[in-house]
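What follows is a single structure, written as structure tokens, with notes after it.
To keep things simple, chains are lettered A, B, C, D and E as they appear, and every chain counts its residues starting from 1.
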């Protein structure tokens, strides 16, 4: 997937994707209907998968589409259906809540942006065309050497197992009636 | 033989202490009679040994060297600090031996007298214990070699008088009187203590430069000539001499104990105590402690003449003031109390007039103290025997006791003549000497005042004599009064004998100070006017109080308001109680108690309440809204980053 | 295990013994035996101490001479040791505490309600007090200091009377604020000295800079002052004592408040001489208010315990007055006053407990003329009263004359005229004390019996006679033979004085 | 290019933040959280690509972050369902019974 | 292989308990799962205590210096928590816990996460183990499955999600600034620039959430109040210890060269947290919410330890954490026992406990005095060392605030002791019998909270470990 290597061509694709993401991102949090917001989130995730491709992380893009869009969005939609919040009256929070929320988010954005802009990010001068291959990614999951990440891989498996069991216990309807 | 007596002089003081402990702790609960007996015996022993000591001390070969003061026994009581140590001990010099004799004599007689007077009273044993304690502390005061020991026993005397005045603690008036006596004398002792502080500090400074081999508070040190010179050139910030201030403060203590004018209010009320107590304490011993202190420090006082003039002034005023009031009192013991006040005034002003150059006043005052102790004790004991018989103090309820109580009558009469200053009796000689000092020192005001007071004394003494003994029994109680038992009469007789003979003792040889005295014998220029005034007083009183008693009524009506004022002792007591109750208690003690409860305490409660208020305010930020929590979270992160960045840039 | 550790351990073991005695009737006997043994051991210790020093001390000493010391490393990496030692002052204070706890147990002879916890808490409190007087390591000192303060809450809260929760809470919190100040002060000392040790005989070798001393001295002095009833911080004492049961207020006023004076002298003045010089006059002024304020406050009190509490505020003010006058007389007076006031207040509160046990009221106006019915208690009360107004022949006079003389002699570093004026004001307290003592005692004991069902009251039982007898005997002994105490404490005060002079210009007082 | 990506991820993060702070429905909150985590992952991938292309640490972190996000949402939904069964609504702003 | 042993034992126990539950015949198997989990935890505890330091997975997993102490605290607090939760499965109170097997598995997984958190040496495993430690707790907080615990756990979850998102972003920035993932490399490469401080702020937020520091503590009271009491105990001790372990990893490894500029912000956080915790606790009525605020104030005291620059400061943090864990768990043991038997969470419910259950009241009093920092208990010794550390680096104003705060804390602890000792007996108080396990747990707790302060060995041991640990890291100015 080296066609992304020439630079200025990928630049405009990036702007396209970024624009879409900004547009849909904004609407996810602003729309009144919860279902529409889930859909917008899906499109934001989709475009971010595009950016991963742009950045050469193609496995990650695939994983993104699979896990995020396939898993989480479906889960969210199920949750919306289960809690019948779809026919919930428009979810419009009180004005004070909005103002405070906006103030918080904007200050966060401005401060972080300013601080990040101020700091010199060390950029690798030579941009090697060949991005890391999927094989090396897979190997790193099981490599117990210094550069490998076998440990987190195991931990993730334990966590997911635990969460599944726990989630089941919590979500299940209790046997004896209250 | 001589040394043995003087060296065992401490025994005189120790005897009452041992008997106090034995009687107080062990005998009293066992059997009261035995306790009283032991107490009286120990004082008797002390009396005999003091007589022995006096005879030895004033015998020919010892008194050859003038005023030889010796300290036979001393022990280190407390080392305050390097240069300031207080030793307790016994100091023998003419006035202290004289006082030893006076105190032990009167104390023994009062003990003996009380055996029967207090018979049947509840707390009989307790009474004798307190009497022993008093005698011990009085003797301790008398023989003190330094001013600190004087102060030590000064307070103990105050406490024992408190205990004895308040002996009938069931009677509210006795309780109030004892409390008043203690507090007033305590207030005076405050001045005395501050005086000691000043003398102590500057004495310590001076003892640094001048080596006298004695501690700063010892009398030997204070009366040492160089030390006095050093003291004199110490001046206060405002210029007048420091020694004057110290001595004035010491005099304040003396004035309190000897009930001089401003601090005299406690003595009349002290009559609430049993009469033998008044005889011992408020006639012969305690009240003269002030005069004794001034006499003891006389060499120091003489270096600051204007303090002496102050003393003389107060002395004269007190004697006149008391004499006037005495004429209007109805309670026989109150009259005697005021007469004591006036005689003390006599002694004080005679001391005030004396100087080292012509020290007649000093000897006169001591002589008067000596004689007065005996006839005033006799008067009190006589009055005691009357009250014992008539069961009331009021002179108007007595009358016609001449026939019923012959011995008391005779002895009482002799005492009246003695105090009036009629020739053969001792009062004449000592009063004459005082008037002589006033005359020779050209202190005409004091001389005339003295004469007037002599007249008044004769008048009021005769008044109570005639009212109680002459005429017919005015009340039913006095009609069947009968003579007291011999146990009470024997002391009266002995004291009467003493008031007859003591006049003739050549006092000047024994007790003298400073330059030797020139003239001898009785000075007619003084004797004649004195006796005339006395006779005038006696006759006036005879005229008024023997016949139909309407003359005094007419006079009292004539004097009107002035008479009422005198009768109420010029309202001095009311002024004092106003000051203490209305001003001190209402405007100082109560506000302090209130201030503490509300303001200081309130302050603490306020902080507590503020904390609780702050806490309930702070709980409100926990609104329960998750999104508010998250808002805090975000702002927390932002501020943390900015702060860290700020610190890094060195801004914050 | 030296004798000093035994002094701390015996009360603790007695407390355990009390907790585990099966029969509740025997508890008080166990407590009595325990404190009795302690009294004997203290006597042995003080006898040995007197032998060790034989009354001679080198007057040029700059550091406290400790006897019978015990040193065990505890948290060695921080320089904390289990370091016990004794010098004249702490020996005297141990004797005082031992007497007070023995008589305290006697005075609370008929505590029935949960006696087991009462006695064990009381004994734990006393263990803390002994620990404070005997330890010479700041950390250990502070640990025992708080162990001594904390049982007060439960003792007053459970067994007290009147608004007991409020006063227990106020008392504990104010004393803990005091100990918070002390904590800051001790840490400042520990880190300021740079010696990495809490042992304050070593910290004494360090000359702290002046500005450092300027702020550390008041922190520590006020920290101790709060316990020693310094003027604005004394408000816990009237409430605390009024609500506390007899033995607790005996211990508290008699001993705990002395820890304040002891600490001020031992730590604040000894370790921070320059600070003491800067602040000496200020605290002298504050304590003068303390003395007069306590005295005047006591006149108008209605409750007998408030009356005694205000009088102890005034007397403790004298202790701190003596400490603040920064000269040998003032220090000696302060230590005498600590001892004499300890015994005096112990006597007072035990008697009030006994009177309350009979008349079931502490309001002065409700009682009258009960001397007729209980002569022994009345006499002891009067002896206590006379001791408190400074009658010669009793302990109070010796202490007061020292303090006032010390105040008058003044010191080189503060303005002498101001000191003299303050001393004269303080001396006036002897009159005011006389007024309130005689007024209070007079209206309670003398005069006709006001309330007829007082007629049947009984006089002191054997235990009560023993308790008051011991205290009265000590008062008289200390008053008549001050030489005995003089030898004991003179040697240990000299170093404190030399350090004051050494740090200042060498103008010794007087000569 | 890197700065733009970081800015973009920051913008996404802040919009997610806005979503969390204002949304009434709980599911909306989870949606916002997903967006924030996604922004963080973009960051990681971008840094990996531009700063340390030789290693693939950033991408590994991305994958693990996704897994964790999934786990988080799962737990969230479980609790939400249990809560919904009893409260019958999922409005987060009405859940303030626990306060002060 | 052997340095993984403790973690693996805990994991294995979790799995075995789970599998046993699947196949066990359907009777109340809470007995088995409790005892088996206890066995596993004790075994792990012994393995950690005896195990030696070393590295594995090429430096990704290491056990050095002070870290075993963290593991001991995690395991110790979970053992104690299990001793007093044993009875909650069978209690009749409204807060009865069911599904014991899953409960224990969740807890064991969370402990594994904590242990890995301590030993992981790179950002990824750090973040994953943090999540593994926290997420099971969200579920455990909702275990009683009623509205209250649901709301509480939801708040906990959402705050946790935001915190982990911000932390993730912070880690991203750290990665962005250095291009490294392993902590050992990031530290030296971190040059001071604004983005570093943004990352530091975000890290502080993440840690603050776990440690309940001032602006990030808001979730704690609500979650502590609504969660099952034993989980509240676990949260207040183990999860706080995990937060501290996380901050240790980042403060001493990642920001090791910038520790000085952290000092001021840490002192602000410490002062704010302890003051808020103490002041608000005065007014609390519910015992669990009260313990929440008390735990918040304790976090404030803990932060004071970071102000020092000598080995004593780190040693005193660990020592105080150990003492706090023991004392807090003893207090919670009594609270759990009381709330489950009387089914009453208010402080008034404790009225007259000293009359009905003298020993229980005495132990609770000892625990409260330990928390308040009263001698001779080890709470006092721990607090004293912490204050001494802050005083050493000149923060006298903070020491004064802390000392006054502990006096305020004494006020509200005494208010509870007053309920127990001074108030008359609570009429509905019916006698409570305690199981052997509960007594044993209580005994350990009380013994620990009294003995740790008196015998110096524990502190000395921690101190030597710290010196050795600090020598391996070259932290700015640390010796």
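Note that contacts are C-beta pairs under 8 Å (C-beta built on N, C-alpha and C of every residue); 3 or more make two chains touch, one makes a residue touch a chain.
On a predicted model such as this, the values are computed, not experimentally measured, just so you know.
Here the chain-to-chain distance from chain A to chain C, counted in touching steps, is 2.
Graph distance from chain C to chain D, where chains that touch are one step apart, equals 2.
With centres computed as the average of Cα coordinates, no chain lies farther from chain E than B. Among the remaining chains, B is positioned farthest from chain A, on the basis of C-alpha centroids. Centrality annotation: C (chain centre taken as mean Cα position, compared with the mean over all protein Cα atoms). The centroid of the Cα atoms in chain A and the matching centroid in chain E are 31 Å apart.
The centroid of the Cα atoms in chain B and the matching centroid in chain D are 97 Å apart. Distance between chain centres (mean CA atoms), chain A to chain B: 104 Å.
Work out the mean CA point of chain D and of chain E, and you get 26 Å between them. The multi-chain contact residues of chain C, meaning those touching 2 or more other chains, are 173. Residue positions 6, 13, 16-17, 20-22, 26, 30, 48, 51-52, 55, 57-58, 60, 64, 68, 71, 75, 78-80, 82, 92-93, 95, 97-99 of chain D are each in touch with at least two other chains. For chain B, residues touching at least two other chains, in rising order: 619, 622, 624, 626-628, 630-631, 634-635, 637-638, 641-642, 645. By the definition of touch given earlier, these chain pairs are in contact: A-B, A-D, A-E, B-C, B-D, B-E, C-E, D-E. Across the complex, chain B meets chain D through its residues 619-620, 622-627, 630-631, 634. Within the complex formed with chain E, the chain B residues making contact are 611-612, 614-616, 618-619, 622, 624, 626, 628-630, 632-633, 635-645, 647-648, 652.
Within the complex formed with chain D, the residues of chain A that make contact are 11, 14, 18, 21-22, 25-26, 28-29, 34, 37-38, 41, 44-45, 48, 51-52, 55-57, 59-60, 63-64, 67-68, 71-72, 75-76, 78-80, 82-83, 85, 88, 91-94, 97-98, 100-102, 104-106, 108-109, 112-113, 116-117, 121-124, 127-128, 131-132, 136-137, 140-141, 147, 149, 152-153, 156, 159-160, 163-164, 166-168, 170-171, 173. Listed in rising order, the residues of chain E touching chain B in the complex are 154-155, 158-159, 162-163, 166, 192, 194, 197-198, 200-202, 204-205, 208-209, 214-216, 218-219, 221-222, 258, 261-262, 264-265, 268, 276, 279-284, 408, 411. By the touch criterion stated above, chain D contacts chain A in their complex at residues 1-8, 10-28, 30-32, 34-35, 38, 41-42, 45-46, 48-60, 62-64, 66-71, 73-75, 77-82, 84-85, 89-91, 93.
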